[in-house]
Amino acid sequence: MKNQFIGTSLDVDDGKVTLTDYMGSDLSVVNAARVSFGKTKTEMDDKDVKLIKYLAAHKHMSPFRHVVFTFALEGVSEVVCRQLYKHQVGCAYTSGEFKEAATTWNEISGRYVEFDPEFHFPSEFRKQHKSNKQASLEGECVENNVMARAIYKEAIDQGFSAYKKLLELGVCKEQARMVMPVSFKNSLVWTASLEAVAHFIKLRDHEGAQLEIRNLARAIKKLIDPICPHSLDALVNSEK
Amino acid sequence: MKNQFIGTSLDVDDGKVTLTDYMGSDLSVVNAARVSFGKTKTEMDDKDVKLIKYLAAHKHMSPFRHVVFTFALEGVSEVVCRQLYKHQVGCAYTSGEFKEAATTWNEISGRYVEFDPEFHFPSEFRKQHKSNKQASLEGECVENNVMARAIYKEAIDQGFSAYKKLLELGVCKEQARMVMPVSFKNSLVWTASLEAVAHFIKLRDHEGAQLEIRNLARAIKKLIDPICPHSLDALVNSEK
Amino acid sequence: MKNQFIGTSLDVDDGKVTLTDYMGSDLSVVNAARVSFGKTKTEMDDKDVKLIKYLAAHKHMSPFRHVVFTFALEGVSEVVCRQLYKHQVGCAYTSGEFKEAATTWNEISGRYVEFDPEFHFPSEFRKQHKSNKQASLEGECVENNVMARAIYKEAIDQGFSAYKKLLELGVCKEQARMVMPVSFKNSLVWTASLEAVAHFIKLRDHEGAQLEIRNLARAIKKLIDPICPHSLDALVNSEK
Amino acid sequence: MKNQFIGTSLDVDDGKVTLTDYMGSDLSVVNAARVSFGKTKTEMDDKDVKLIKYLAAHKHMSPFRHVVFTFALEGVSEVVCRQLYKHQVGCAYTSGEFKEAATTWNEISGRYVEFDPEFHFPSEFRKQHKSNKQASLEGECVENNVMARAIYKEAIDQGFSAYKKLLELGVCKEQARMVMPVSFKNSLVWTASLEAVAHFIKLRDHEGAQLEIRNLARAIKKLIDPICPHSLDALVNSEK
């Protein structure tokens, strides 16, 4: 997949997440917490690391809200995107939806992009977890993975083909798209504070989470770790 | 459809919205705005109506946040629910997702509900709007509505059938559901302030909105109008 | 103090907090969590209590956001009110500020309320905590409480008197009020979800908090406990 | 006043506001709105300006939430800071409060800063507005400005002196500070999205606002204008 966004990217299943922008660092947290003091620090020392741990442990969260990230998600299935929407506090989203949604704005610019949804396509179908009805067994593939892929592919093709046929009959797009499979890929810009991102990672980089979402959480953790390692560590591990 | 929730209900297409709880009224708005005065009013008069108009016109929104509603949505397609999620400020959601999602909690209680998704099924397929690529023509049905229904039904059946087959192969539910059509019906509890609900109505009871969503906005407007008629009118009509 | 608000009230130092409205209960939490199931429960049983504990322990917070409270605070010093403002998520405020602030709206109604601020007046001045520079020693009064009261009273009188003199010189209220002591009493309407109120109680009913604020947290806890005892217990004690 | 923060600063009365960090630009808005298209733009053209105007006029606000600013306020009176706290949506704050508030964390670092509050001191006392009880007459000074300054100064001195005396009696800081005038200067770190900052500017750079707050709004507008001129213009002027 061509990477349309500028920034560091990581693959997430058959999609991609890019850190397109950010502001702040561990020092921003420290300087915000000490706003009433007489100077701005430009280098971390041991006392600053202790302060960050203290803030996280005592849930003084406001200093962590001055570090902010923007991520662009491309080719990520709507099922995964929806998990992000549930994290509202300190977050902002702009979603690509189906491409038609953008053409209203697009008409302003005179361009037109052919509609061409893509769908998430698993390479391996995991087994159902025995006791946890919501979970899968990571790394354990079903015996007949080939047949699973065939059934999956046919369903996707049929859904997309029905969508096309409805359009040909003159049906409006907003009704026709109702037959599309939920695995359609979406694009999304997500801007969130460090507090919100750390909360997402804690909840989703977890064995009870859907593997596709856990993979996204792991990728995001890797992307921001170099920017604010002490704060990320303090927040993610503070209450476990 | 049997109405599982207690409260006033209205049909929305082939689903239902119920006002299950609320607090406050026009008087709550007035009393909050005059919190520093010496008494609580228990009846509205003309001056109170003027005050409400003044507050809305000058965007003094905080008094409108003390009136709060809870709605239960049943049998509403996920496509419609997603529009609600975009309204974050002053809102809280608990979504039913696929029924499996609830069984983790359910296992605590020992009950088990057979998985049985339903899908939104349009009775009439509307024509595509000519100039607005996102919109449909309200009241204008495609010529071959019968064929549209047949194509739609087949696509839904195929998607659901593929889901069942994948489960039979042992595929985990979180991957199998990827083939389900986006029209699957969801249940949702939505709690929102009067400010947030009025904002939703303004944006969605609008000719540019998807008709299914406009129908939801109209139903919600009808449900809350008896509770706070002056505030609702002032908010919805303040900037149009 | 005459209680202007309708509802259950408790004294907080020389002010008052009233639960003026609320919606929901422990059952609302349970029914929201089970929205996808086929019925609404109208009585709690042991399994519901377990479910509530499970939700709190696993930080599935959304079901707790459908229970909402409105409190009116009267005669509470601005220093205490400011602690409330810091709790933003799931909260709404309408503040009385100085009474002038309300007269703009008031002029609409034709009434006029003479400006008459009151100030918080401690009956006992507590000793400074030795090791915690921010805290006081609960129950330990300074030796010369009479002199402390005299100094305090004189300072309040002087501040208020300077305010009056500035007004007489024709100075605008917005500048004149700058000399008023921070202990002026304010009125406030606070609407907040159960999640937000429980978070406030956890942080402020705590020995590190200012005693005046801790007293407010204790009063609020007492007011809501009869409404949702299981949820309140699960939220407040979940991570301690 | 020595500028402790790194970034562009402007004076606001006898205080200062510094833009310490930011991310995004007009292009971030455009690229977020077109997330579903095939490329990232790196230069603005006329169509992009039109798109920004379209977004603001139709209240598609989410693209404006990916531009974020951090401001440090120093030496700004608490009366002004409180106006900022009222803007909750898309905002985060870390306040300096009285300096003692920071010493708990400070003790971790071993440093100690002598308590030394400063107070806002107006050079000119404006006349009260005749018809608007809340407003002042910009540019119109009271006849006896010298006496107004003397009364103001004496009140501040008396309040601060009473605070010191109470501390000497052993009274805890949290009670002693109750006699301090509300004009005490605070420090504050404010992080807010472009949407939130533009909303603040619209409400506060307005003749009905307190002049001290209007001055802050004007300074902030000047600081961010070079970063996102088209978006700022579209948002601030969209509904006037």
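The chains carry the letters A, B, C and D, assigned in the order they are written, with residues numbered from 1 in each.
In this text, a residue touches a chain if its C-beta (ideal position, glycine included) is under 8 Å from a C-beta of that chain, and two chains touch if they have at least 3 such contacts.
The UniProt protein names, listed by chain, are A, B, C, D = Flavin-dependent thymidylate synthase.
Just so you know, these numbers come straight off a predicted model, no measurement behind them.
Participant: With chain centres defined as mean CA positions, report which chain is farthest from subunit D.
Facilitator: B
Participant: Just how much do you need to spin subunit A so its Cα atoms sit on those of subunit C, in degrees to the nearest 5?
Facilitator: 180
Participant: What is the distance, in whole Å, between the centres of subunit A and subunit C, each centre taken as the mean of its C-alpha atoms?
Facilitator: Taking the average C-alpha coordinate of subunit A and of subunit C, the gap between them is 37 Å.
Participant: Find the geometric centre of each of subunit B and subunit C from their Cα atoms only, then give the gap between the two centres in Å, rounded to an integer.
Facilitator: 33
Participant: How many angstrom lie between the centres of subunit C and subunit D, each centre taken as the mean Cα position?
Facilitator: One centre to the other, that is 25 Å.
Participant: Would you pick out the residues of subunit B that each touch at least 2 other chains?
Facilitator: In subunit B, 62, 86, 93, 101 touch at least two other chains.
Participant: Which positions of subunit A touch subunit D when the two form their complex?
Facilitator: 4-6, 21-24, 28, 31-40, 42, 47-48, 50-51, 54-55, 62-63, 65-66, 68, 70, 72, 90, 92-99, 101-102, 105-106, 108-111, 113, 186-189, 191, 193
Participant: Using the touch definition up top, name the residues of subunit C that touch subunit D in the complex.
Facilitator: Where subunit C meets subunit D, its residues are 77-79, 82, 85-86, 88, 91, 93, 100-101, 103-104, 107, 120, 122, 125-129, 132-137, 142-144, 147-148, 151-152, 154-156, 158-159, 162-163, 165-167, 169-175, 177-184, 210-212.
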